[in-house]
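One structure follows; several queries about it will come next.
Order of writing sets the chain letters: A, B, C, D and E. Residues in each chain are counted from 1.
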Amino acid sequence: ANPVGAETELLVSAAASLTESFKELTKAYEMKTPGVKVRCNFGGSGTLMQQIVQGAPADVFVSADKETMDRAEKGGLIVAGSRINFVGNSLVLITPVKMVQVAGLADLKSGQVHRIAMGNPNSVPAGRYAKAALEKQGLWQALAPKCVMGISVKQALEYVMRGEVEAGFVFGSDAAAAKERVRIAAEIPTVTPIVYPVAVVAGSRLQAEALAFVRFLQSKEAQAILAKYGFKAELSSLPAQTKLMPGGYKRP
Amino acid sequence: MRLEVDIRKTLHSGARRFELEAAFSSQDDLTVIFGASGSGKSLTVQAIAGLVTPEQGRIAVDGEALFDARQGVNLPARARRVGYLFQDYALFPHLTVRENIGYPLKKGWRFNLLPEARQEVTEIMASFEITHLAGSYPAELSGGQKQRVALARAMIKKPSILLLDEPFSALDSMLRHRMRMELLEIRQRFAVPLVVITHDPADVEVFGDTLVIFADGRVEEVSSRAKSAAPEVEGWREKVCWRAQWKKEHLAAHRFVPAAGI
Amino acid sequence: MPDLTPLWLTLQIASFATAIAFVFGVAFAWLTARFSFWGRDFLDAILTLPLVMPPTVLGYYLIVVWGRNGWLGSRLNAHFGISLMFTWQGAVLAGTVVAFPLLFKSARAAFEGVSTEYEQAARILGDTELRVFFRITLPLAARGLLAGTMLAFARAMGDFGATLMVAGNIEGKTQTASMAVFDAVQAGDYTLANTLVAIMSLVCVAILVTINKLASRGRAGR
Amino acid sequence: MPDLTPLWLTLQIASFATAIAFVFGVAFAWLTARFSFWGRDFLDAILTLPLVMPPTVLGYYLIVVWGRNGWLGSRLNAHFGISLMFTWQGAVLAGTVVAFPLLFKSARAAFEGVSTEYEQAARILGDTELRVFFRITLPLAARGLLAGTMLAFARAMGDFGATLMVAGNIEGKTQTASMAVFDAVQAGDYTLANTLVAIMSLVCVAILVTINKLASRGRAGR
Amino acid sequence: MRLEVDIRKTLHSGARRFELEAAFSSQDDLTVIFGASGSGKSLTVQAIAGLVTPEQGRIAVDGEALFDARQGVNLPARARRVGYLFQDYALFPHLTVRENIGYPLKKGWRFNLLPEARQEVTEIMASFEITHLAGSYPAELSGGQKQRVALARAMIKKPSILLLDEPFSALDSMLRHRMRMELLEIRQRFAVPLVVITHDPADVEVFGDTLVIFADGRVEEVSSRAKSAAPEVEGWREKVCWRAQWKKEHLAAHRFVPAAGI
């Protein structure tokens, strides 16, 4: 559809936790599809969603949790039928390397654990999963006063790495990125599976190209890259038919 | 020139209140205002210049009102075309002496003075003996130097009336004498009427065609050289003793004769 | 050597933002400093408010107003077909709002410190109000204005939350130095973060020192 | 009606932070304004730097220095057994750092605006340098100091990134109003966010207006 | 009192250079400094007060060095115990008249004046006729009122030497006379030596036991009342004509006889 030589620029709004993996993914995609340049806009899922509500010219929206994408779908911000879960993650309990006493959730009640870092359940997906998991185990009431709520999951990781807290909840992918400086104490079963949904933005003019990128995320190549960064395979398939109605975004 | 002043203004400062009620008129081109410290001389002249707005009354030059409370006339200071020498000089601290003096001559938004304006600045600096100070800033001047710069700045635009608040107070007697002559010459050349506030009897001598005497916010009396034929009022000297004493020493022998007062 | 595009972009954005904030800040400062009107203190406080808001929250309100579907943004889009979202103009807008209170407050204090006697003298010497302002008030307030401008510039350069919200964090397009640093810290790449911070600090110090030097040369003799 | 504990906490933290920043800001401002030494402009720029850093990054460096295992924090912990992390004292520290440049710059401009002649007069009348400072310089610089203090207070109140990093976000203990607003916005609870912002703005405006009123009463007659 | 001054200082302002090279000594308790505008009078007195640091030389009062470049002595201003009246008053703008005058009497960090200090302030305000101004701020005063407040502030602490820079320039002649008498009385009561800079011949008359004449940054000559027996030097009058002229008018008939110069 594009004149030869002219580059199509695809803008992907992706959750901050995908930053490193998506930098590699987009490079791979650009190699595969000449004429398409992919730019990424990283931020918290909530921020990205608000930007799209206010008409930010994104073509693809990648959220770190189901709830945000649900809200986007309800608000008619994404193309119905373009949404898939393309990857998953695990929730892990981590401690500073030397803190070997903590081996599972039960140990968190011990007096040796003064502070537990996690993302803020109100706004950070990792925090939400952690809170749900703790509630299910009946530990939330007891542990809540010890919890330090980070603005992002990375902040929780930071606290653990610097030894400011005795334990923290982060995604498996985060822990993998810092494996020399933190110790994974346990993988915590979550109440709902941790999935990353992706969808084409309703307002986009480049919906066909956007959909192609979504398809690419399903590919073996993309999945391999994601696995390298510590994500868990969790793939749902795209409906056979996706009706595209390109919106009226003008490129800035 | 005919200068008419008839104004009232009340100033408050804490519990203190100062009431200015100045009324006088002068037909002469040389008017001296004279009076005790704090009697309202500076305030009156500021009202003529448009820096202070009286509550009531009228100020007119040659019949044209600069201020008239009843008719709602109140010309802004820049439209009054007066020259005013501030008692504390008010030199612009961020400008050099040359820039200060040339300030009123700057037209539009251009950066430099026109050549003829430059010439004028150079001339007035020469006649006020401040040529060597051209590049200095006000903070680098002595008291008398500041006063001369301020005088030059007030006069350079040939205002339609020149108001001077103690113009020579910081000068030595020799310079004082020379500046007086300079001022008189400029006055004659450009026919600018002068109003001079002073404490110096010699100024009265030179500039006092009309002498206005202030006391306590009021004009106590107006004497005019022209009225010298009028009979002297007795008992007046004792009444305002300080003025009397001063008069005895410096004026009695001269042409001044007090008028009936106001 | 890390990619310096974000830094370059930051400098441009911060310069524009400071310039705009300067114009508005000085105008409001002059109004509040020279005229006494009902609700003046209130206005003063309102204009300081952007400083109290967490930048992200400020950014949220900015897009509510200026976003394509926003209150003003939708009109902008309808009439001129332009949108500030995800553009560097949007970043300038965010930077301006964030820097404004600093300039406004500093300028107001500076103007209030200028003795009205000098302005009176200029009026008597024939100046209109506009000329008095540009030839007397502004130069005499220079010191305070300069301090305010430096604060505003630094703040605009360092802004992160508000800019991110309006302009996005798009590498090579709207990613400013602050965002790059933030990203590096988030990614745990501390070497990169430290390098970026060092470069950013150096550049900023160089700029501030230069402004200071230039300004004090202009003030020589006072 | 939302929970107002965070607001109350914010006011306390911002007050402390402003007070500390005032002391240090004024001290450094006085040094740089009254003495000319090698590297003065450089020091000035360095002290402005906290403003250029994105607060979160600043917070990161604060942890590196003051954290339990940080450069200074570890000593503090070893010798006194105290840690600033996750305490409101930590929040005060972050607020102080964030507010400092505003006070410093404003105060410096204010001090430079005070004519040295008055200080000279006071010296001749028998004052020591300390008395000159407190009886002459400080009162004459009041306007600029006030503006700087208000900026600093607003900034400390609104700080989010740095405070959050050092103090954590522990409900009822270190959760400030900014964090509560941020949470609400992020969670998409706009009603709560708007309410919180409205309350915060109101309180802040009230405080700023009050400071202004008090200060201008103290300045009466000038 | 014995006042010795022998100082050098060079001031730069743009391309202009001013060289001060003042050397004189006075044995009398009344010293008048006299000279053209910009000749370095204020600078010299500021050096005595410790506001300006000379490059070379020595300043001593009663043999005790306040400043001595060679011995590295340079007492800070507050330790010199001098009273100094600034030519432009330097009243503290944030303090009322009463607070300005009471300023030097404030001990420690207390907020209010001690009762006896209060009494002193009240007294000096009365004798300077500024009692009614007690609650006003400097910006609300007239020129002469400011000058009197500054004078009161400089004198209230009974300094060991009182330096006055044109103390009466803004006053009317009556008030000038009264202040002169007031000053002389205070001087006698507390035995404070006075150094007065003035342009007013009458001041020379009253305060000039020793007369120091400045020209162009140098002391042209020092005359002393005590030396009145010395023969008059001829040709000197023509040389410094302005001074000559002034002298002719005001001094010749009196006791002054120029000394041989320095």
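Keep this in mind: a contact is a pair of C-beta atoms (placed from the backbone, for glycine too) under 8 Å apart; a residue touches a chain by one contact, two chains touch by 3 or more.
Since the model is a prediction, treat every value here as computed from it, not as a measurement.
Peer 1: Determine the set of chains touching chain A that also touch chain E.
Peer 2: Looking at chain E and chain A together, the chains touching each of them are D.
Peer 1: Spelling it out: a chain qualifies if it touches chain B and also touches chain C; which chains qualify?
Peer 2: none
Peer 1: Please identify which chain has its centre, taken as the mean of its CA atoms, farthest from the centre of chain B.
Peer 2: It is A.
Peer 1: Looking at chain pairs A-C and D-E, which one is connected by more C-beta pairs in contact?
Peer 2: Between A-C and D-E, the larger count of C-beta pairs in contact belongs to A-C.
Peer 1: Indicate the whole-number Å distance between the mean C-alpha point of chain D and the mean C-alpha point of chain E.
Peer 2: 47
Peer 1: So what's the Cα centroid distance for chain A and chain B, whole Å?
Peer 2: 80
Peer 1: Distance between chain B and chain E based on Cα centroids, please, to the nearest Å.
Peer 2: One centre to the other, that is 28 Å.
Peer 1: At what distance in angstrom does the C-alpha mean of chain D lie from that of chain A?
Peer 2: Whole-Å distance between the two chain centres: 36.
Peer 1: Where does chain C touch two or more other chains at once, residue-wise?
Peer 2: In chain C, the residues touching two or more other chains are 56, 60, 185, 221.
Peer 1: Spell out, as numbers or ranges, the residues of chain E touching 2 or more other chains.
Peer 2: In chain E, 13-14, 88, 96, 136-137, 140 touch at least two other chains.
Peer 1: Return the residues of chain A touching two or more other chains; collapse runs of consecutive numbers into ranges.
Peer 2: 47, 50, 158, in rising order.
Peer 1: Looking at the whole structure, which two-chain pairs count as touching?
Peer 2: A-C, A-D, B-C, B-E, C-D, D-E
Peer 1: Of all residues in chain A, which touch chain D in the complex?
Peer 2: 44, 46-47, 49-50, 71, 115, 117, 120, 122-124, 145, 147-151, 155, 158-159, 162-164
Peer 1: Contact residues on chain C for chain A in the complex?
Peer 2: 56, 60, 63-64, 67-70, 73, 77, 81-83, 85-87, 164-165, 168-173, 183, 185-188
Peer 1: Can you check the complex and tell me which residues of chain B touch chain E?
Peer 2: Interface residues on the chain B side: 11, 13-16, 34-38, 41-42, 87-88, 96, 132-133, 135-137, 140-145, 148, 165-166, 169-176, 199, 201, 242-243, 245-246.
Peer 1: Using the touch definition from the top, list the residues of chain D that touch chain C in their complex.
Peer 2: 41-42, 44-46, 48-49, 51-57, 60-61, 101-102, 105-106, 108-110, 112-113, 143-144, 146-148, 150-151, 154-155, 157-161, 178-179, 181-182, 185-186, 193, 197, 200-201, 204-205, 208-209, 212-213
Peer 1: Please output the residues of chain E touching chain D within their complex, sorted ascending.
Peer 2: Touching chain D from chain E are residues 49-51, 76-78, 80-84, 86, 88, 90, 92-94, 96, 103-104, 106, 109, 136-137, 139-140, 153, 157.
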